[in-house]
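Next up is a structure, given as structure tokens.
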């Protein structure tokens, strides 16, 4: 602990994943006063056909 | 917010996903008194070899 | 399975919780083709000081 | 309920998944005093490029 | 990682929580081939008015 | 989306919560290329008797 889960669209670029987890870990370590070694970040990538806002799949928005 | 996660078996038919997220969003909007724009629904599809009930994988039930 | 988690603001009225879980269960049963007995719904109530949109706690919006 | 989610690295061997869910279900049934039929276990497999400890992706550790 | 979340009814007895997390950690360590130090278990306690099976709150079942 | 859940120990100080969600939102907005308005952060506070590392409750560590 702490354990952070980031749910978002797929991230194709590994460099972005690196920057994402490094940045979140830095913020969490500072605010919780915990060493980075205690902090785990999980990226969950959801396809546009599995996410809906306002009752509409993101996949349908993209094909409009 | 609200943010709803639906964990279930894979849904092969996109029309069912559309109906699922539309129906859930309608219920949640009504009961929370929130505009649909504030509501996100996430579908998580779990393969039968990753789900167990009563200690047995669903994948093993299917192959019985 | 299916297993649905609804993350949202606290719901003070038990009748609303009843309507929420009944409505969601009906939609999920229909779209997944599953008997209602297989469907679990979990309500998670998050206080306004534990939710942020656009980087601001909902608790701070309310006190503006 | 209870509903258990196991987040971990991919498990290539189906026999290990069987032993994992059987073992967890046994422990949970005993401590909650619930019949195994009420207990669901979900395995979530996260690739090494989607998990970070101490701000570094596990995928990067492996390629060092 | 691994990171396990146990969603269930409230557990009033601390000894049961101890046995629960010890038992799960042992199973997970064995099947994933990981040292126990890498394994985190989280207990989430949900009140009966926040859980529904078959569209009915557990709280309503209890008061029948 | 994106939707971030931070599981950690209780945070007593509201200023820390503000800094936590602001910092995470900034990182996520930058790496996903999304406007902050699309980003939700949820803080989940777990008591020490509900979290275990290496099979031992954090609550027991503290009382040693």
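Couple of notes before you dig in:
A, B, C, D, E and F label the chains in the order they appear, each numbered from 1.
Everything that follows uses one rule, which is that a residue touches a chain if its C-beta (ideal position, glycine included) is under 8 Å from a C-beta of that chain, and two chains touch if they have at least 3 such contacts.
Treat the numbers as computed from the prediction; the structure is a model and nothing was measured.
The interface of A-B is repeated, with over half of its contact pairs matching by residue number, by C-E among B-C, C-E or C-D. Chain centres here are Cα averages; for subunit A and subunit F they lie 13 Å apart.
For this pair, subunit A with subunit E, the centres built from the Cα atoms lie 25 Å apart. Here the CA centre of subunit D is 21 Å from the CA centre of subunit F.
Residue positions 1, 3, 7, 26, 40, 42, 46, 51, 53 of subunit F each touch two or more of the other chains. A list of each chain pair in contact follows: A-B, A-D, A-E, A-F, B-C, B-D, B-F, C-D, C-E, C-F, D-E, E-F.
Per the touch definition, subunit C reaches subunit F in the complex via residues 7, 46, 49-57, 59-60. Chain contact summary for the complex, subunit C toward subunit D: residues 1, 3, 40, 42. Across the complex, subunit C is touched by residues 14, 17-18, 21-22, 25-26, 35-37, 39-45 of subunit F. Across the interface of their complex, subunit C is touched by residues 1-9, 11, 16, 19-20, 23-24, 26-28, 30-32, 46, 51, 53, 58 of subunit B.
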